[in-house]
Amino acid sequence: PRRAMAQGKPGDTIRVAIATPAGAVDPVTVADDGGLTMLIQAGEFLCVTQADLTLKPVLATSWSHNDDSSVWTFKLRPGVKFISGGTLKADDVIATIDRLADPANASNALSAFKGILSKGNARKVDDLTVEFHLDAPYGAFPYVVSSDNYNCIILPASYKGDYEKNWDGTGPFKLDKFTPKVGASFVRNPDYWGDKALPDRTEFTYFDALQPRILALQGGQVDLIDQLPVIGGQALLNDPNVTIIREKSTAHQQVHMRCDAGPFADKRVRRAMALTLDRQKLVAGLLRGYGEIGNDTPFATVYPSAAPTIAQRKQDIAEAKQLLEAAGVGKGFKVNLTTETYLEIPQYAVLLQNFARAVGIDIELKIESQDAYYGKAVFGQSDWLDSTMGITDYGHRGVPNVFLRAPLLSDGSWNAAHFKNKDYDALVDQFGRTSDVGGQRDLAAKIETLLLDETPVLFGYFFDYLVPTRKGLAGIPPIPNRLFLDRAGFV
Amino acid sequence: MLGLLLRRLPYAAVTLFILSLLVFAGGQLLPGDVGRAVLGPLADPRAVAALNHQLGADRPALVQYGEWIGRFVRGDMSQSFAFRAPVAPFVGAALWNSLKLGGVAFTLVVPLGILGGIVAALNRGRLLDRAIVLVGLSATVVPEFVSGIVLILVFGIGLKLFPISATPPPGAGAAVQLYYLVLPAIPLVFIVFGYIARMARAGTVEALDSDYARTAVLKGLPRRDVVMRHVLRNALLPTITVVASQTGYLVGGLVVIETLFHYQGIGSLIYTAARGHDFPMLEAGIMTVGVIYVLSTLAADMLLAALNPRIRAGGRA
Amino acid sequence: MTLLAEADRGSGVSGTALRPDALRISGLDVSYRVRGRSRPVLRGLDIAIPAGGTFGLVGESGCGKSTAAMAAMRYLPRNGRTDAGRILVGGRDVTALPAAALRDLRRHSVSMVYQDPGRALNPTIRIGAQVAEIYGLDGAGPEEARARALAMLGRVRIADPASVMERYPHQLSGGMQQRVVIAMALAVRRELIVLDEPTTGLDATVEAEVLDLVETLRRENGTAVLFIGHNLEVIARMCAEVGVLYAGRLVEQGPTRAVLANPRHPYTVGLLRCLPRRGLDRRRERLDTIPGFLPTAATAPAGCVFAPRCGLARDVCRADPPPLIPLGDGRSSRCHFHAEAPHLPRNAPAQAPAAPADRAADAPLLAVTGLNMTFRQGRQAVQALRDIDLSVRPGETLGLVGESGSGKSTLARILLGLTVPDADSRLALDGEALLPLGRRRDLAAIQMVFQNPDSALNRAHPIGRIIGRALAKLAGLGGAARRERMLALTRGVQLADAYLAAKPRQLSGGLKQRVAIARAFAGRPRLIVCDEPTSALDVSVQAAILNLLADLQAEQGVSYLFISHDLAVVRYVSDRIAVLYLGRLMEIGPADRVFAGPHHPYTEVLLSASPGPDGAVKRVPLSGEIPSAVDPPSGCVFHTRCPRRIGPICDTEEPPLSPRQDGHAIRCHLDSADLGRETAP
Amino acid sequence: MSAVGLPAARRTTLGFERLRLLLRSPAFLVGLGIILFWVSCALFGRLLVDPLADDILNSLAPPSAEHWFGTDELGRDMFARVIAGSRDILVVAPLATLLGIALGTALGLVMGFFPGWVDDVLSRIVEAVLALPLLILALLALTALGASNATVVAAIGLSFMPIVARTVRAAVMTERNLDYVAAARLRGESALHLMGFEILPNILPPIVVELTVRLGYAIFTVATLSFLGVGLQPPSPDWGLAISENYALIGGGYWWTVLFDALAIASLVIAVNLVADGLAEVAE
């Protein structure tokens, strides 16, 4: 069932197993799945990305931009009440965004705003109109203040950093009870501005590990779990009592190859590596078909901006060997691949290792905890950023901009591949400014061609987002990584 | 008795102090920092620095420790870095959970283990003895995650006799809570049974072979009286120490069981705190386990002294 | 004397008519299963003890004495088995009794006292309860049982029995513990009591008392006694009949006095000759020894078990095992040539080492002045040694005696530098200050021979390495020189070269002690401290070791500080004797003078406690326990227990160590004339 | 005295006698057999089977003639992985044990040999470390050091140290008071010599027993750490790791992905303990 959007009946209690929020639930600092799931129960965004990656207006009713997309004007929804009592005004939105854009604030959204919007540049036009004056023109700006940037739930201007005290927001639910590290429950918000939530109640139980979550669903103790990776999740995929809500996402694992040193400094070697991958087999085997193949660029086919004309890279051992020969490493070489224990990455690494063996590339795996892998997350103090070859997880984004920028721009702060290319930088800059899909596609074609030639990063596949639910539960919107439960109910 | 307690208390305090120092020193080795741990790898370094500053985690280590210990001795466990809330309720809840699970396991395994050991000793060399020893040995050495998984499969998912989670629904009564704790307690019983049985067996064998047991037999006492009056009390003395040494594990060492059965105990609290660089939480968790351990060894010593007049009189053990 | 013996026996015989024998063991074979093999330990043992009779069983360690005792109680170790024979206690066959009857037998008819009373008592139960339990089994109610227990403790002469009832075993001294065990054994009137070395490990003074007590109670109750010991003196004192056990067989048996006066088995003869007798002087006469080792019953030779060690053995001995041959007068001997036994050739060369010149005038080798030693135990100060002045001359042996806890070992450790005395103490060797071990210059000068040969040798090292290392460190020898000297040393202590490759556990106790002696002589020692070097050894081995020490002294002119609680041994080896009591030197002087008297009242007590196998000395009783060194009595420290106390002066004023004659000094207020002397045997 | 040869009964050396005893114990032999089996798997397993070869399109196949133990999620042959899974644990666990024993013995010797403040201070520290359950200690160490075979060895070795030290200390305390030590001091031996050459050889039997017991724990702990994800890392076919990767699958009926690994761990730990028991018995 691709869309489980059948309407459930109202009045149910929905029990959910999610990952334990890693720390205090605070919109400014939250960085993990568990925490953001908590945020979006009572909190709302200006707009929300949809399954087709378009934006749905929520607290904003509409938005527009000036000619070069450097100033964006958002109209706010009138009559929206905060759970704490006040009415949503421009000041609240400005305070929320400023809070997140303030470098002094330990804001997790800071990197998303970096180079796009600075503190103080959101201006009030009237009580229901806000203008954002960007640092530089940016065509996809609404995504930056949408659910894509999950810290951006709109809070009253008076918010003091004590979110766990009152769980303020404008959403369809309000908090019933919260016990840190144990769970939380919500009840319907009777004052919600839109359609009132169907469930009477939602109950979230926190789990540290995936397996107990799976067992809890199988054991009937919960009705759905937040996300299921295919690896390790086979038990549920075949379970007749479980319905899998499946949505295409742009989440993927980037395999970076250092372009500035080591065996991969020669782009022919990088291309050869890319040619060893049997991507169909990856999707069919590693993802059990729940995903789609990648073409070594961030442009997943779900992105409207993706260029439709670029040829798909296929496994070609002969050509790979030729390339290696040409690069002077026809006998193959040894290389270390460093990566993290997360989702199916270790298994992916094993498959890469086996693929590469066909052309004589001998990959030695070093698989470490996420802590160890990311280290201090700055160059020189991070296995992630310093390794010759590595695999890094990237979550779903509504637009490819983030993927195009930080990991690939010459001065990108996540540029583990150490890829430095002026042409690329210029193309991405231009892409950023462009707001119409046609223009974006033209640029995308150029970018994709360039990346296929250079291949600093392998994008082997994009995996689907899977939410297993108890059979009969309906109304969970198929939006990757965002559990909105207000339409949920059993049929 | 009181004298013994007063003599031992300073030692216990010193032990705990050293423990806190060790944890603190060890904490300095953890890679990364709390700001990065909270905000994730993709966060802006300025935000990370800001958070570290807010939490005071960027101050010199000794200053942090000084402040922490200063509060700790006044009974204040400080604020959690990750949760930015007082640590005490977290530790309290986790401890209470651990004590419940450990307590269930303890009350099951101690009588069982002692009985097993004594029965084995009284049947020394016979089939029953070998059977008990072998069962104890095997049960003790099979890791919890192996036995736990089997139990979950068979009784939780297969037969659906027991819940597979140890956490009862909120507001559950004592009986329900107990019902939820049965399955997770069993692997612990397995593990500890062997130790206790082995110790009880050895103690009983030794006591049975002792000269005073011979005296008792040669007095013409019936075997039952020899065992009950002369053997058991001496036989179980070493077992007490073993039981006490296991309480640390039963309370604080259950990371695997807590993970398998989804239970918020002190073991997982320590582990997540360490991974999250939540230093105050880590220290508090470890000190709690340390205090439990120290208290239980102290209790064991007192019990030993009560049962063994030789220790009662003598000075340091 | 013969008359008396016959009369004793006669009463036994007439008793048989009325009452069955208290114990009759016939043809008893016992074996232990060790590692799946059966190892015989007793073979064809026959013993009969008439009702009320006393029987002593002697023999070297490991010959099966305890096994016999345990078999009689039907309480063999789990791996022990009675293969053949019958054991009748009061006419009932214990080997065939069902469990209930066996319990009944143990409640009413037999009981046992064994070595190490500390372990025989349950450490976690109060004394009173342990004793009262017996009366409970006898059918008494709790009140009555306690009352009877209290009375019984009084009967075994425990002072303040009411408070002892409330105590735990560890709060009693060894002597007191043994009294409690005896009280339990004799709590109800029994037909037979088995005593297995009940006094080994106790001080001579305490031993004497315990033995007296057993004797008295036995007479009162008419209980028969099977007394096991390795000490012939004690057996002589306690038992009308004696059996000599060798490698699981009874080799000689008969009335004690007759056997001891006129032994008819070479083994008995040898045993008696090993003992240092009064009047024997090491400078003039050597002790005799029995060569070789005790075979285990399993490795026993085909013929006579004693043949390999027997000076009389001939072919027939090696071929045919002799039967137990009756000799009349109730005596029997398992020897083909029992008539010749008294003429067993001496094993040791008769000629004694040349007597060294009298060195009384020489400058002392070791001089100790004003030695004090205080141990700190928490807040308490233990005064282990007070004001010790003594000296040892070159080539002389100074014997050191005193009760357990009197400070003998502490003095030894101080001399060796292992313990550092109080600051004001002065020690000098050859006039040079003697420093503690870390700073001592000539380490080889003072060495030690320890009491327990098992722990004195590192069991992980072969003998050659143990001695070699000592040679390297103490004599600075290496290479061929070391090897040469090592062989000389081992031959000097009569140790076969083959042993150099062996580990200590492959050696018997006596051999180990030889190794220890060789080690002590590795450098050129001036003084050797021997702390009870033979107390863990059998008498035959003891004799060989004492001979060896005497030979080495004669050869090398070394001095000994010889610590022992066996007065006969001290007397034999010492030139001079020092008597310690509670850390004080009570008396010091030439050996003969100290023994002959006048001597200190404490010495008198010690002497009377060990009368020797032949002479019966009137025992001077010593009351009470040795006081605590933490809080020693005021005045003369011995006044609390002194049989010759003269009055208040003893309680208040500490007497000086006053010189009497010929270098003899005594710490007593009494005049020499009023002090005790040795009564002639 | 006539030169007598060594008495015959004493001539058999203790070591030989112990060996004979050991070989009579069926439990010991079974244990030894299992250990030898796994050791040979560890040594030669990878010559016969490839635990890494994937057949991703044939994943989670049940046991069959082709795949005796079925296949895992990447289609790797479980039989090959179970066989090869013995290698890492049989390298890591013994090394960790040896490290722990070596460090613990050194510490225990010092503690037992220097009573007084040295012992007091070290004892407090040891006691403090012992207050933490071993697993927690190892977890913390690994969190600090990062997971790799070397750090697992270090973490387990270090966490064994105090326990071993305590055992050794007790043994040293009894030995230290024996006369042979006094005799050695009388010839001026240094503390180091006394500890290393006089006392150490005599406390080897309890140390050997401790070694085997610790080895059992080490295997247990390595497996548990792998299960928790901080021990051995993928793609090692390590048993604990495999169970951790696969145990969520058993609810789906893929029991073969954990069963054989679980049996392997159990058999190895039980075998080591059987051997330990046998050794302890003959060491008395």
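Per-chain numbering from 1; labels A, B, C and D assigned in written order.
Going forward, contacts are C-beta pairs under 8 Å (C-beta built on N, C-alpha and C of every residue); 3 or more make two chains touch, one makes a residue touch a chain.
All figures in this text were calculated on a predicted structure; none of them were measured in a lab.
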Next on the checklist: On the document's contact criterion, could you list the chains that touch chain B and likewise touch chain C?
Outcome noted: D
Item to check | Inter-centroid spacing, chain D versus chain C (mean Cα positions, whole Å) | outcome: 48
Item to check | Whole-Å gap separating chain A and chain D, where each centre is the average of the chain's CA atoms | outcome: 44
Checklist entry - Between chain B and chain D, what is the gap in Å from one C-alpha centre to the other? => result 22
Item to check | Between chain A and chain B, centroid-to-centroid distance (C-alpha), Å | outcome: 41
Next on the checklist: Could you pull out the residues of chain B that touch at least 2 other chains?
Outcome noted: 31, 157, 259, 275
Checklist entry - Touching two or more other chains, which residues of chain D qualify? => result 143, 146, 247, 250-251
Checklist entry - Taking each residue of chain A in turn, which ones touch at least two of the other chains? => result 211, 215, 218, 369, 371-372
Checklist outcome for this item: Full set of chain pairs in contact is A-B, A-D, B-C, B-D, C-D
Item to check | Of all residues in chain D, those that touch chain B in their complex | outcome: 27, 124-125, 127-136, 139-141, 143-146, 216, 220, 223-224, 227-228, 240, 243-244, 247, 250-251, 255, 258, 262, 265-266, 269-270, 272-274, 277
Checklist entry - Quick one: in the complex, what on chain A touches chain D? => result 210-211, 214-215, 218, 231-239, 281-282, 284-286, 341, 346-347, 349-351, 353-354, 365-369, 371-372
Item to check | Contacting residues of chain B [partner chain D, same complex] | outcome: 11, 14-16, 18-19, 22-23, 26, 29-31, 134, 137-138, 140-146, 149-150, 153, 157, 245, 248-249, 252-253, 255-256, 259, 267, 270-271, 274-275, 286, 289-290, 293-294
Item to check | Residue ranges of chain D in contact with chain C within the complex | outcome: 1-11, 13-14, 17, 20-21, 24, 178-180, 182-189, 198, 201-202, 204
Checklist entry - Mind pulling up the chain C residues that touch chain D in the complex? => result 35-36, 289, 291-293, 296, 298-299, 416-418, 437, 440, 443-444, 446-448, 450-452, 455-461, 469-470, 473-474, 494, 496, 498-499, 502-503, 505-508, 516, 519, 522, 544
